[in-house]
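These are the structures in question, set out in turn.
The following pair of complexes shares a single chain, chain A, combined with chain B in the former and chain C in the latter.
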Partner chain A sequence: MSHRPLSLLLVAPALAVILLLFVVPLVASVVGAFEVGDGFGFGNFVKATELYTQDAIFTVVIVSLSTVLIGLFSIAIAGYLTLGENPRTVAILRWLYRWPMFIPFIVTGQVLRTFLAKNGLFNNVLISLGILTPVQAESFLDWRGIVIAFVWKQTPFVTLLLAGAMASLDRSTIEAARNLGASRLRILFEIVVPQVATTLLVGLILSFVTMMSVLSVPLMINAQSPTMLTTDIAFRINAYGDYGVANALGLVSLLITSVVAWIYLRHGVRKSL
Partner chain B sequence: MSTTNDAMPVPRSSMKRLPMMDLWWLPRALVLGLLAFVIFGPLTNLVLWTVAERWYFPNALPMSYGFSFWARVFSPRGNAMEALGNSVLVAMLTVILALALAIPAGFALARLKLPFRGLILLAFLLPQAFPNLPVYVNIARVFYQLGLNGTILGVVLVHMTHGLVFSVWIATAAFSAVDIELEQAARSVGASAIRTFRDITLPLAMPGLMASAIFVFLESLDEFTGSYFVGAPDINMLPLLLYTASGGGNYQIASITALVLLVPSIGFMLVVERFLKSDVLSKVGH
Partner chain C sequence: MPEKFLQIDNISVSYGANRILDGIDLHIAEGEFIALLGSSGCGKTTLLRTIAGFAQPAAGAIRVGSRDVTTLPPDRRGMALVFQSYALWPHMTVAQNIGYGLKLRRRSAADIAGTVAEMERLLGLTGLSARKPAELSGGQRQRVALGRALAINPEILLLDEPMSNLDARIRLQVRHEIRALQQKLGITTVHVTHDREEAMVMADRIVILNAGRIAQEGRPEAVYNRPQTAFVAAFMGAENKLILPGGIDGDIIAIAAGASNAACRVPRGGRMLSTGHLEARFRAEAATLEERSLAGVPNGEGLVLAGDIVDVSYPGGLWRHTVRVGSEMIQVDAPRACAPGTAVHVTIAPDNLFLFDAPAGTIPAALPHPATVLNEARVLEASPN
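Take a look at the complex of A and B:
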């Protein structure tokens, strides 16, 4: 079973596609970021810094905040699914939490655009419950809308990965700790989460990068300034055909994710390398 | 994880029937009710928009209901049918191409000796590990020169590249989860490597491969950014139609399109655990 040429042959076509249709354009975008007129220079970055520094910070804050919230919610849900003692609650929760997972980003954008609007169901329910008056109702279609959309969409994905990893844990340590009187919260954070930390990290990093690439959610929920870098890139291309600044902004988002990818390389994949 | 709960009642109505043995039923019911609102509230709002004829602020509910927008969307002259056709065609071609590449690659990564296995596996994560937008922008630039911009093939190629992330990683996990002793047993009674793969490994890995096929299909159906740069405006697809309608303030048409995109996704969610068992999930990334 150990024919090296054969195994390389089996992998080669798929690898070639990634190389030609992903790596090459990626390199082109990095090179393109430095193309100024006929030569190379930092002109695009100067312009990008002047125009979009605020948006870069905005992007990092929104995506980081979303990642933290996704992590907390997914630990809470997956933890209850694993350690919950009320079978009916566990069953309902298991049925409930996954709904947004396969809802496309573009649909999430549209759904929350109507839900969080001034006249959306969210405000209407608060008003009919007497929590808000119609005058106080405000639109959430700003940075909060983007964070809500990201957390709403990505939490089930990380939870699914996490609950799967937790389900395949050895139950005996959990039972032993339980018999010794440890609270479920303590078992969750001292026994369960450390054992599934790699899965959690992988899920969160995949979510982080996904959120860095999604164009439809910021475009549909909050396209006014300040907005996310993805919207700015699309704007530079569509409005000005300005590939230079677009690629410079692309490189900035690449650098932001490289920091995260570096963490992944250090902790996540080291075992399988 | 393997048993799903098909007969589960609607959560909000079932809360009253939670056992009241201890005082914890109250916070439990509250949290579940809140979660149900957070998840189904937005979806309800979407459904309301699909049947709202007129709905202005400050009316809490639509002022009149009807299906006239459905008729408009699905009229033979409407571009929704064309968009639906294009979306399904692209998604099917993407699945076929992605799996044709991912099954051999996944098998080699799971079972055969491969130099730099970790690095190769990591390479397939690239489209997920870097923001796609700059890549799509530059692909569109090259495709434009090649005449691939605004063609079905161009969109399929872009979707397939991203689909390889899921298909290769899940295929690798699915093949890894197959008990190697079964293969060894087949080989030891004289089955050839190819026969072992066809009769033992492939059928056992099939649920995982099916799951990856559905993942790729849905990814392609829902993909926006790549289609936006490579396909638009020549190739009309459902996500592009949704975006244009929503941008134009036509929430009814946007919501109907969104609902059409939702149905296959929700359907998959309800059956995903039949395909993607926790033994495969726990092998993802290993």
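Take a look at the complex of A and C:
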């Protein structure tokens, strides 16, 4: 019992850092969302709803769609790395797939901006392959561009987690299924993915939260309306100095991410990952 | 002997530059239970995986009946493998695990449920259908793995050390359960194990592998009582080893008197040996122990060794003595304990004495003259102390 003051002293620096750098700004932001003029009220939320409801929906749809696509691609890549039978293609894929992880979001946005433009490389390739005529070519610099950028950037991260989890599976669970006659696709979806479902869920949730907070990609690729909430927050502050609405939009983002955080925690308690 | 059913012809398997199996020939009859026995790294699991189709042989062929299955994928060979780790799918229930092979074969749900229930009844798993593998005991998991393999009604059952993860007590029981089930179903079975007793109890025929080759095959009692090489003798429990001078004399093997042994003659029994030095091997329980002060040299048949008790312990049943014979230590079991320091005679009956050519490098450079040493021993016996 006499150790109590000492132990408090030991955790005090860490506690102070968390309080000063995390809790206080967060509380200030939340409180700020309700500050209207001299008092408190829902004015910022009313204004945010009037102006940005469409953007909130746009954000949720884009990030959800990206999450689903990231899930599918990472299962496909990690599945091939685990079950692929050609050692050379497996080695090449293993070497290639991680590169986008090391490229910052802003660079991703910049690269894809030229790649996906109306006269960009993407359209040129489609045209030269005869899939499109030059007249049909259109710019992908809208919601599709954001989705492509997010999937391109986040798939390697989820794949990395997933391939690691798949590699540590008991190989004989895969061989047992082969022994009974399961095809590789069935082995992937009926034997392998169910065993790494928790890892997949965690990877996708972390990606979801990351994508919710990216400003550079929508700013670079989608310079139009509707756009993502991050752009709106930056715009309210930079253009109008309107911290109230910005805080309200921040709180909306926080509510969206806390839904997935809740899924993560619920699963974390059950599986203690 | 019944007709050959599973034929392994001249199979060789390499991993990179390492040759794991080297020209294995093995013919197995329908309904036969074969145990592949060997220490770790001898290639027994590789042979099983090659039969199952998970490893490709560099040379040779595998046939089931008249079909050549050497290049067929694992599921087209009519075989089911039970893995050492059981390899149960943790996200599926017992019923889903057992029924998965049938689901892959597009059998109707009612059909699958019927077979699963039948398997559960056969294996004593009734009432556990809805459990996940994590909620089962080791023995129950093992039976689910067996049920999953048997549900598809394979022609051949392959068992890869299926009992190595079980408690010793449960293992004894499961041995008999698996053997009884195999007899009941009449299914051809290849069982890989490193446990000699397990192989003896379960199998119709034992195949002992050493360094990628078959060292000996035969019925359990034949391999146990007539090992053809020193390796097999040692593997089958004849761990006591002595190098003795001797050779063939017509139908007799004559062992010359040595530093610690009297001369003796044992029937040759068709054994091929070259004259010079012999490696003698015998089991601890196959030798008898007598105090030297009680009698002279025992006049029964067989090899008589003079030694001193170094240590005695009680592993259960018989007392186990460590006896120093010359510069070697041997283990001898006896119904009564002899105190350390006691001078003893150890007698090994001709039937229990396995003799082989001594490998080069194990022969002692010079043996002292035998007669004097034994006489000396007698003088010691006669002295009051």
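In the analysis below, the second predicted complex is superposed on the first by the 249 of 273 C-alpha atoms of A that agree within 3 Å, B and C clash if a C-alpha of one lies under 4 Å from a C-alpha of the other, contacts with A are read in each partner's own complex, and residues count from 1 in each chain.
Just so it is clear, contacts are C-beta pairs under 8 Å (C-beta built on N, C-alpha and C of every residue); 3 or more make two chains touch, one makes a residue touch a chain.
Note that the coordinates shown come from a computational prediction; the quantities given were computed from them, not determined experimentally.
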item	value
Touched chain A residues, chain B compared with chain C	B
Which of chain B and chain C A:Ile127 touches, first, second, both or neither	first
First (chain B), second (chain C), both or neither touched by A:Pro194	second
A:Ala176 touches, of chain B and chain C: first, second, both or neither?	second
Chain B versus chain C as contact partner of A:Gly43, first or second or both or neither	neither
Partner chain in contact with A:Arg186 - chain B first, chain C second, else both or neither	second
Intersection of the chain A residues that touch chain B with those that touch chain C	none
Chain B residues within the chain A interface of the complex	1, 4-5, 8, 11, 14, 18-19, 24, 28, 32, 35-46, 48-49, 55-61, 101-102, 104-105, 107-109, 111-115, 117-124, 126-139, 141-142, 157-158, 160-161, 164, 168, 193, 218, 221-222, 224-225, 228-229, 239, 242-243, 246-247, 251, 254-255, 258, 261-262, 265-266, 268-269, 272, 278-279, 281-282, 284-286
Of chain A, residues touching chain B in the complex	1-4, 6-8, 10-11, 13-15, 17-19, 21-23, 25-26, 28-29, 32, 86, 88-89, 91-107, 109-115, 118-122, 124-125, 127-128, 134, 152, 160-161, 163-165, 167-168, 198-199, 202, 205-206, 209-210, 212-216, 219-220, 230, 233-234, 237, 243, 246-247, 249-251, 253-254, 257, 261, 264, 268-269, 271-273
Interfacial residue positions of chain C with respect to chain A in the complex	52, 54, 73-76, 79-81, 83-85, 87-91, 100-101, 104-105, 148, 152
Complex contacts: residues of chain A adjacent to chain C	170, 172-173, 175-182, 186, 190-191, 194-195, 197
